[in-house]
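Let me begin by presenting the structure, written as structure tokens, before commenting on it.
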Amino acid sequence: METTAPPLNYLNNGHTIASWLLTKDHKRIALLYLVSITFFFFLGGFFALLVRLELLTPAADLLEPDMYNRMFTMHGIVMVFFFLIPSIPAVLGNFLIPIMIGAKDLAFPRINLLSWYIYVLGGIFTILAALLGGVDTGWTFYAPYSTSASNSNVLLAGVGIFITGFSSILTGLNFIVTVHRMRAPGLTWFRLPLFVWAHYATSLIMILGTPVIAITVLLVAVERAFHLGIFDPALGGDPVLFQHLFWFYSHPAVYIMILPAMGVVAELVQAFSRKNIFGYTFVAFSSLAIAIIGFLVWGHHLFVAGQSTYAGLVFSIISFFVAIPSAVKVFNWTATMYKGSVSWDSPMLYAFGFIGLFSIGGLTGLFLATLGMDIHMHDTYFIIAHFHYVMVGGAIFGYLGGMHYWWPKITGRMYPEGWAKFAALNVFVGFNLTFFPQFIVGYLGMPRRYAMYAPEFQIYNVLSTAGATILGVGYLIPMIYFAWSLKNAPLAGDNPWGARGLEWEIPSPPPTENFPATPIVTEGTHQYAPSREVGIV
Amino acid sequence: MSGHVAPKSMYYGVFGALMVGTALTVAAAFVDMGALNNVVMLAIAITKALLVILFFMHVRWSTRLTWVVAASGFFWLLILFGLTMQDYLTRGWVDGTWR
Amino acid sequence: MSDAPSAYQPPPVAIHPAGHGHTPHHPYLQHHFDNMEQQAEASTLGMWVFLVTEIMFFGGLFMAYLVYRWQAPLGFQEASHHLNIYWGAANTAILIVSSLTMAFAVRAAQTSQPARKQVFWLVSTMVFGAAFLGIKAIEYSDKFKDHIIPGPDFVWHGLYPKPAEQFYSLYFAMTGLHALHMVIGLGIMSVITWMAWRKTFDNEYYTPVEVAGLYWHFVDIVWIFLFPLLYLIGRHYHAAA
Amino acid sequence: MFTNFPFFPQQASEQAATIDALYFFLVAVTAFFTLLIAVLVAVFAVKFRRKHDTEVGVAIHGSLALELLWTFIPLGICMVMFVWGAQVFFHMTRAPRGAMEIHVVGKQWMWKAQHMDGAREINELHVPIGKPVKLIMGSEDVIHSFSIPDFRVKADVIPGRYNTMWFTASKPGKYHIFCTQYCGTKHSAMIGTVTAMEPADYQVWLSGGSAGGTLAEAGQKLFTDLSCNTCHMENAQGRGPVLKGLYGKQVLLASGQTVTMDDAYIRESVLNPQAKVVAGFQPIMPTFQGLVTEEQLLQIIAYVKSLK
């Protein structure tokens, strides 16, 4: 298509393998992450497929229970640690944060590259664990099963997660320092895009929570290897302590997954309504509130684990508090569309889906924060449905929406919009068909992690598996047209959406240095119409 | 650029205080004060840590951001300790419960 | 609704000055920073943020210590009594001295003192650090000889064998992790010393020394807590007995 | 093909209805807010759909009143949920005095139950209706969780300690027992049936099941077989404390602390005797770790409890 030589950008600035594997450019590192994360997404999806197929019938006929246990464990480990946690921050965050704040790069480009290598190393250990027979502890690694009873590759997988944790820590560290120290002149905190706020909050969780899971997994590994009595009661340990330490990270970790998606959706709603966000400060601070309060609620995973009644009450009430900033966000996104100029481009379809599905995911979370209700629902499919509404309906919808929104910026090419709309619809329908029945079968009492189940649960499992098939197809379509678009789609231009933001003022794909010189920011984000004060901020 | 340069005498002073603290804590350990032993021990340790942070690590002369970052680490540690211990310490408070 | 990009182009949010308009670069300024000040602030902030993660990393172990000591206070006191308080106290003093020499190394760079002075303080710090590890090695080998390494070979003649084993599990986990940090610290120091020797640091550029110093002091602080928590808790119990 | 298309589990315990009421309230709130948001999004998307390519939205920066509204209304609703849920929870965690006790031991991958009068069963649990039943549960290996969905009850079964839960069955019939905490290969086969019976039928069932005497009697036999009685004598001459009448009382320890003589303390004292030595006694009792099973421990506890 091009007749003249294209201008120098980060993609054509060096074509050797070394120019990619040794790059310090945050945009190239983002693409390295994109490739590896996509790989892990489809790997995790493959495990999910086997899980769903096995659950088509009540008996364990496709997979032996032991193999089934390994499959759901690998699905959890791969999706949580190798897809959901790094997905938006390491790909979109890495690519966009320096551009959005008018910087040439992250504060520590070499550490950024290092974090990708650490991620890959952790991934290799985990893949090795899978190839050598998998792990059968569940992604939660509950002691003493993980430390003493399981005879699967707990050590390898634990080491993999331990290593990957450091990749997450380094990414968070880089983002925090970058946002504090690299903002362009004039870019005050309250002019920052909400995407940056969300990533800042995410980074806080990454650096404050991840070390605790690292040491916990390390202790499990040490206990397993040397038979030290840390968590196994038979050796004098306390398994509930493991759960405290584990959830101290792993509950905030769900906010690592959802907060960046919330940041994406805030950008999408503004760009495709051509309107600044309703209640900027509330949306910005709600990200911080979620990150901070999110650290105080982990005990709601221990309501039936023999925690004290008093602790149950404390964790329950704080869990309700963390719901409020999420509600504030949902209302503000919705209000932003009011009197906007709403386009129905494919990224916005994902945003619509996100708002609806995240609402369901969040509201069903209230069931689990409610002490008396959680007892019955704990460890049933209700929980599976709830967190998939947040993780898939939330995090993955945000990720896909963001990918479609920024794909023209990243690659310089558009994608076929018709196919994109079809895929978005496909994912939405498939997703709901997969996970809505699980709410019902969960309330009926079907426990999670069951290879075999009572026959009266079958109808819901059949629906679920059917939905998962549709969902899987919905994921494959974007893969195909994104790949196709790289060479064949029309050029996008600098600003295909008519959106406002620093990233849309530079060429697509951006040059290696992002900006020819440090820009001087004069306005907040997404101010389309001349300011006409209605109400107060 | 150059940050705050403290006189050498200050470093020697802090060093002396740290050494005295170490001697005190060892001496106190041999005196039976019941539960107070722990309090004294930890009070001395916290004081020593604060001296190192404030003077050797230059937080005394650093930006407010550094103060916040340094404090947040210990604050989050307290969250971990506090919320975990409020479970252990209140087991059996309500009649007929788990324990 | 089509593949065609939007014709609408909103006004920009930023002024874009044309081209590079800067003053000559300091040789150690990385290209993505505007000036040395920004670079130094980013590095120190980065190290502080990293130290926060380190606090939480050790925090998990301290949490385990807290719970198990609360569950078996007598066992922990009994077990602690088998640690050598004098080695522990000596190591505390050694680490404090190394912190002082580290602080002087930073100060030497800050005040543009000659390279050999900077190197002197850095090497002193490393010598004390190595001494600490040496003493730790003696202590470990004593424990090995006495069979109080947790695991199948653990032998305990006193009361409370279970909590004692747990205490030693935590003892080795905590001091082992701390020693690992010391080893990493020595590695960092070697690089910094080499850089100092090459006359890298002066009052314009001393961030690496300062950042390495922050790390070194942090490792010292961890020990300041480990020493009383591990070595001292059994004393008054036996002093009273 | 699917004769069963249930939406709700049966209400087979007295707690079930209260929990379902809470559930319906939560469902109603969820449905209301989900629909509210969905309708608003749909209406805005249609009504304010972009008319031409250069159209931009109106600059509206926000409204403090609205922000406060949608902060405090959800907060209020949440607090209703919290208080309601906490009430239900309090009721669920506190067994009424005089509840019938049954000991349950989980192990990979089965449930073993011991009734007080000695009847034992595996992967089955027979209970009378209309009478509060308290399960005292321990595990021999890893964490399990004992769940009866039709009763809406569940509690983790944790090695090294006892958890309890209670219910009052209200409808005769057979109901699922599921292990809901992942426990290894045959986790999904660690299931069973709870049979709720009319009290009279339950008595008939009990009389058919107990061959070896009551649980306390089995405990007494163990107490003698393991020579516990050589130190824990009936008078104060023994090297160990007299156990008679001690259950439920506060005990002063050598460390100066006090501890309640309960199931957990008896268990700890058998397995790890030196952890909490009673004041005035030497820490000379040997550990019985590995010598008694979890079921036997529960028998010993039943015996000590019976020493009134």
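A, B, C and D are the chain letters, set down in written order, and residue numbers restart from 1 in every chain.
In this text, a contact is a pair of C-beta atoms (placed from the backbone, for glycine too) under 8 Å apart; a residue touches a chain by one contact, two chains touch by 3 or more.
Given the structure is predicted, the values throughout are model-derived calculations rather than measurements.
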| item | value |
| --- | --- |
| Higher-contact pair (C-beta pairs counted), B-C versus A-B | B-C |
| Distance-to-centre winner among chains (Cα means, whole assembly as reference) | A |
| Inter-centroid spacing, chain C versus chain B (mean Cα positions, whole Å) | 15 |
| Distance between the centres, which are taken as Cα means, of chain B and chain A, whole angstrom | 36 |
| Length of the line joining the C-alpha centres of chain B and chain D, rounded to whole Å | 40 |
| Separation of mean Cα positions, chain D and chain A [Å, integer] | 34 |
| Chain D residues counted as touching two or more neighbouring chains | 53-54, 56, 90, 93, 155, 161, 163, 272 |
| Chain B: positions in contact with at least two other chains | 65, 72, 76, 80, 84, 88-89, 92, 94, 97-99 |
| Residue numbers of chain C (touch at least two other chains) | 6-8, 10, 41, 45, 49, 52, 55-56, 59-60, 63, 67, 71, 162-163 |
| Interface residues, chain B side, partner chain A - complex | 65, 72, 76, 79-80, 83-84, 86-94, 97-99 |
| In the complex with chain A, residue positions of chain C that touch it | 1-21, 30-34, 38, 41-42, 45-46, 49-50, 52-61, 63-64, 67-68, 71, 150-152, 162-163, 165-166, 169-170, 173 |
| Parts of chain D lying in touch with chain A, wherever the complex brings them together | 2, 4-9, 18-19, 22-23, 26, 29-30, 33-34, 37-38, 40-41, 44-45, 48-51, 53-67, 70-71, 74-75, 78-79, 81-82, 84-93, 108, 141-143, 145, 147, 149-150, 152-156, 158-161, 163, 176, 178-189, 191, 272 |
| Chain D-facing residues of chain A, complex | 60, 65-66, 69, 136-138, 140, 142, 144-145, 148-150, 233-234, 236, 238-240, 273-276, 278-282, 304-306, 309, 312-313, 316-317, 320-321, 323-324, 327-328, 330-332, 334-335, 337-344, 352, 355-356, 359-360, 363-364, 366-367, 369-376, 378-380, 440, 443-445, 447-456, 458-459, 498, 527-537 |
| Partner chain C, residues of chain A touching it in the complex | 102-109, 111, 169, 173-174, 176-178, 180-182, 184, 186, 207-212, 214-216, 219, 222, 226-230, 235-238, 241, 244-245, 274, 344-345, 408, 414-417, 489-490, 492-493, 495-502, 505, 515-525, 527-528 |
